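Multiple structures are listed underneath, in structure tokens.
Look for chain A in each of the two complexes below; its partner is chain B in the first and chain C in the second.
Let's turn to the complex of A and B:
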């Protein structure tokens, strides 16, 4: 009989103990799996979100990202960057705060968004109606594409009038109400639980702001040519324009990793360590108790010439069996738990819909199983030491007398 | 002829919080192959301690022990374990069968440890269970066997690798008189088949079956009876 078979028979002989250990490891393992997903989830999700927009470089006015300073002369900067041989496409992104004043409804805060013409398809996807070019030049109302959420909240549909007042800092009440018309309803890529999103043309955007600001932008999005690495584009922009700062998606993710997401990483590290500690204590305790219950058997086996190696490998297999089964069960359990936790965390304000806290990656599952395997091995060390180093004669004497 | 086991001035002292306790005092002992010895004496006189030394599961504090001419003190733990596996069989008062294995598997276990092939193991296990009269209980677990049956399985397990020396520590201590007599009969057969036996017992019936009877008192070995 092999050590593995002996371990299996030992575990099966005490189903309650085995079930307790497996259930404990499954629950603890599920938490560990979730912590591993949390440690990388935001980064992976954020990177995916940036990458799927189709732009690999972002240009802002300051050396921090996201920038809190408007980029001036945006059109000129964008045109200059567009002339670089590394660059395929440039898009100016402008946002401002505004309030929608639909009669019979409470004033509703919105984020007024404007992208360079032609970039709309990368910012939103029309689900009803038409895109911004739908209104002819003779139309007096400004076109607006609104989010589904805004459409639902205010009962708006394509063709609905939409009075709007932009909110400029310190001059909010002075700005006039501008008449917009809803031309389409869309899913916006970066929409979150913050203000509803409303996109419009540059002309309408300027009209809403009543020339309070000049040609400014929050960010300029740059797409490199297919054969060009984003870092080369960043270097080219830095060489051409000293007054702006360019960041590749990789650099932005790294900055968020160092700053904004560091809390989650630290929390997940601490909780992962604690859960591994619990798994270690659970398995080590159960195995140690089990070994102590059968010291007489172990001593008898040693007296019959069964080697220390066989005793040790049987216990390691028993640990592997309990931790392995619990570990496998922990994957679906952790996944279900992660879905619930992700939903709770994404309910926080200002979290974009496309952003997730818990993201599954195959390598995380492998890490999870490797960590549990290492824990199982470590948990077997003390019981193995007890079983293989016990004094045979003294144990037989004690077990017989007791 | 080389003695199967020979002790020279064996002393075994156990350190205790209240002071060292000497369980065995300067015991010299020699046993020829295929001999059958019973050791009796009052509780705590050192019988089991001597048995453990003879079976290489314990080491003397002083003195030397030769097993088939080899000084046990010079052997590594794995060599001593190998001797126990191949040359010694143990029978315990409380059987110590593995409860999760059935009778067949308990008897097969030492053979598997020695590396015997499947066919050889099957043949030997069948032979041994038949030998101890439990062929029909092969697939019963220890919890499904009586005390006498468990001890017979334990004897079959001890004989699995054809040991030269069978050591039994109070093998009838947990059994009634009739069952104890069955076990004594079984030891007679084992001895008749050429295996040396040392049995430590309080059971006078079992002791009388031995060809040589040693009495121990306060850690010392008395003259042969």
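Let's turn to the complex of A and C:
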């Protein structure tokens, strides 16, 4: 009988114990798998979100990005950048905070958004009604495309009137209410300020802010030409404009990695270490107790001529059976658990729809299985040592007498 | 002193000013070369992190400017260093900050084109007569000064609040960990019960009732569970200092990351003890249901 078959028979002889050990490894393994997904999840998701937006360079006013500093003369800066041979498309993004005052409903905070004309298709996808440019100025002087969540929360549909007051930050004054009309409902790409978004034209945006002369923006998004690398575009913008700062998507991800995601990286590291330690203890204790329970059996096998190597191999196989089965089960279990944990964390304020905390990558599954395998091997070391160093005659005599 | 080094910092007001008003203006600081003759420089406090980053000492003169290009700079005398108030929302941020007197800050950040800038602040901290009336005060301020945002320092009940969400996340992780450890505990208890099969069989042969044996198992399980739970709490208490010191070193902050409170210790015990007892009982119950003959291996 091979070592593997012997290990299988030993595990099958105590099905309850084996099942409980596998269940323990599966649950702990699921947590380990989740922590591995969490360690890089936000970064991967954030990078995907930036890349899928279609822009590879962000231009802002300050190098302390992501701190928000108004970029002045935005139209002139954007036009200058658009003239660079490396640049394919330039979009100005303006945002502000506002309160929607629908009669019979509680005042609702929204993010007021304006993109330069032509960029709407990349900013949002209309799911009902029309886009901003679809209606003539006589039909709606202040058209609004709103997010699905805002539409649901306030029961708004295309054609609904929408009174709105922009919040004048830093000023102790109230701006006048501007009457918007909902022309469309959309899924938004930009939801950095929460799920309640209202996009409008530049004219209506300025009217809501009671401003006619100001030409500020939060950020200018730049898409490089297909053959041009983002770093070349960043260098070209830096050469052309000294008053702004350009960052490639890669640089932004790096910057967020340094500061923004530290908490989740740390907690995933701490919990991964704890879960690995726990899995080690679980398997090592179970195997050690199991070996102690059948010392007589092991001594008898040795007396029959079974080599130390084969005894050790049997125990390693037994460990592999418990950890391997538990580890494989932990993958789907971890996936389900990750969905639940992700849902909990996405309740945080201002988390865009496209951002996820737990993101699956095939290499993570391999890492997870490799870590569990190493843990299983390490856990088998002590029981193997006990079983192979057993004094055969003394053990048999003790087992017989007792 | 070497060439002037520029460091982006955030600027606030505090110290001798009665109303503590925290600003958040971004400024550029550079170490000044000379003392302004005949003029006593206004005073500034620098955060411990800024003092180290800018390689400045108490007593040095530094130039602080509100403009990114360093124009309209004012010389300040560094009169002290302070530890920034720990803020869990900023724990990973480098706290490069300075505090100066309110008139100095206003003079520094005032813009000629905007007369209102001389009287603008980022936030006002209030101490209420009745702490329980924060919502009422907030509503009253919102009515009188439209556009302001009022937030209480009391823990939020909003289910979407950052720390409420993190609390739920930690609870979920704790439940998963407890589930895994329960399976571990049950497996161990089953093995332990199997080990004592002969003894239980002999006790049953001697006439000891199943109920008495079960009671003994219950008591034993209770003792082990209480001892285990207490050991866990003591381990947490003993290790919290090391964990805090590591993360305080890692993030250069005085923020307390782990604190084992009495409530948390009680919660841990309340979880662990019933689980330990139940696991012991469940494992022994499988043995007690068997016949005496099978227990003694006949």
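Keep this in mind: the second predicted complex is superposed on the first by the 383 of 402 C-alpha atoms of A that agree within 3 Å, B and C clash if a C-alpha of one lies under 4 Å from a C-alpha of the other, contacts with A are read in each partner's own complex, and residues count from 1 in each chain.
Assume contacts are C-beta pairs under 8 Å (C-beta built on N, C-alpha and C of every residue); 3 or more make two chains touch, one makes a residue touch a chain.
Bear in mind the structure is a predicted one, so any value in this text is a computation, not a measurement.
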Combined model on chain A where chain B meets chain C, clash or fit: fit
Partner chain(s) touched by A:399 [first = chain B, second = chain C, both, neither]: first
Touching partner for A:85 - first (chain B), second (chain C), both, neither: neither
Partner chain(s) touched by A:305 [first = chain B, second = chain C, both, neither]: first
Chain B versus chain C as contact partner of A:176, first or second or both or neither: neither
Chain B versus chain C as contact partner of A:159, first or second or both or neither: neither
Winner by number of chain A residues touched, once chain B and chain C are compared: C
Partner chain(s) touched by A:13 [first = chain B, second = chain C, both, neither]: first
Which of chain B and chain C A:296 touches, first, second, both or neither: first
Distance in angstrom between the closest Cα atoms of chain C and chain B, superposition on A: 10
Set intersection of chain A contacts, chain C complex versus chain B complex: none
Residues on chain C engaged by chain A in the complex (per definition of touch): 8, 26, 68, 91-93, 116, 120, 122, 145-148, 159-162, 165, 168-169, 172-173, 176-177, 179-181, 183-184, 186-188, 190-192, 194-195, 247, 250-251, 286
Sites on chain B touched by chain A in the complex: 48-49, 52, 55, 57-58, 77-78, 81-86, 88-90, 92-94, 96, 98-101, 105, 108-110, 112-114, 157-158, 161, 169-170
Residues of chain A touching chain B in the complex: 1-2, 9-10, 12-13, 296-297, 299-308, 310, 391-394, 396-397, 399-400
Of all residues in chain A, those that touch chain C in their complex: 14, 16-17, 20-21, 23-24, 27-28, 30-31, 62-64, 67, 69, 167-175, 259-260, 262-263, 266, 271, 275, 278, 281-282, 285-286, 289-290, 293, 337, 340-341, 344-345, 347-349
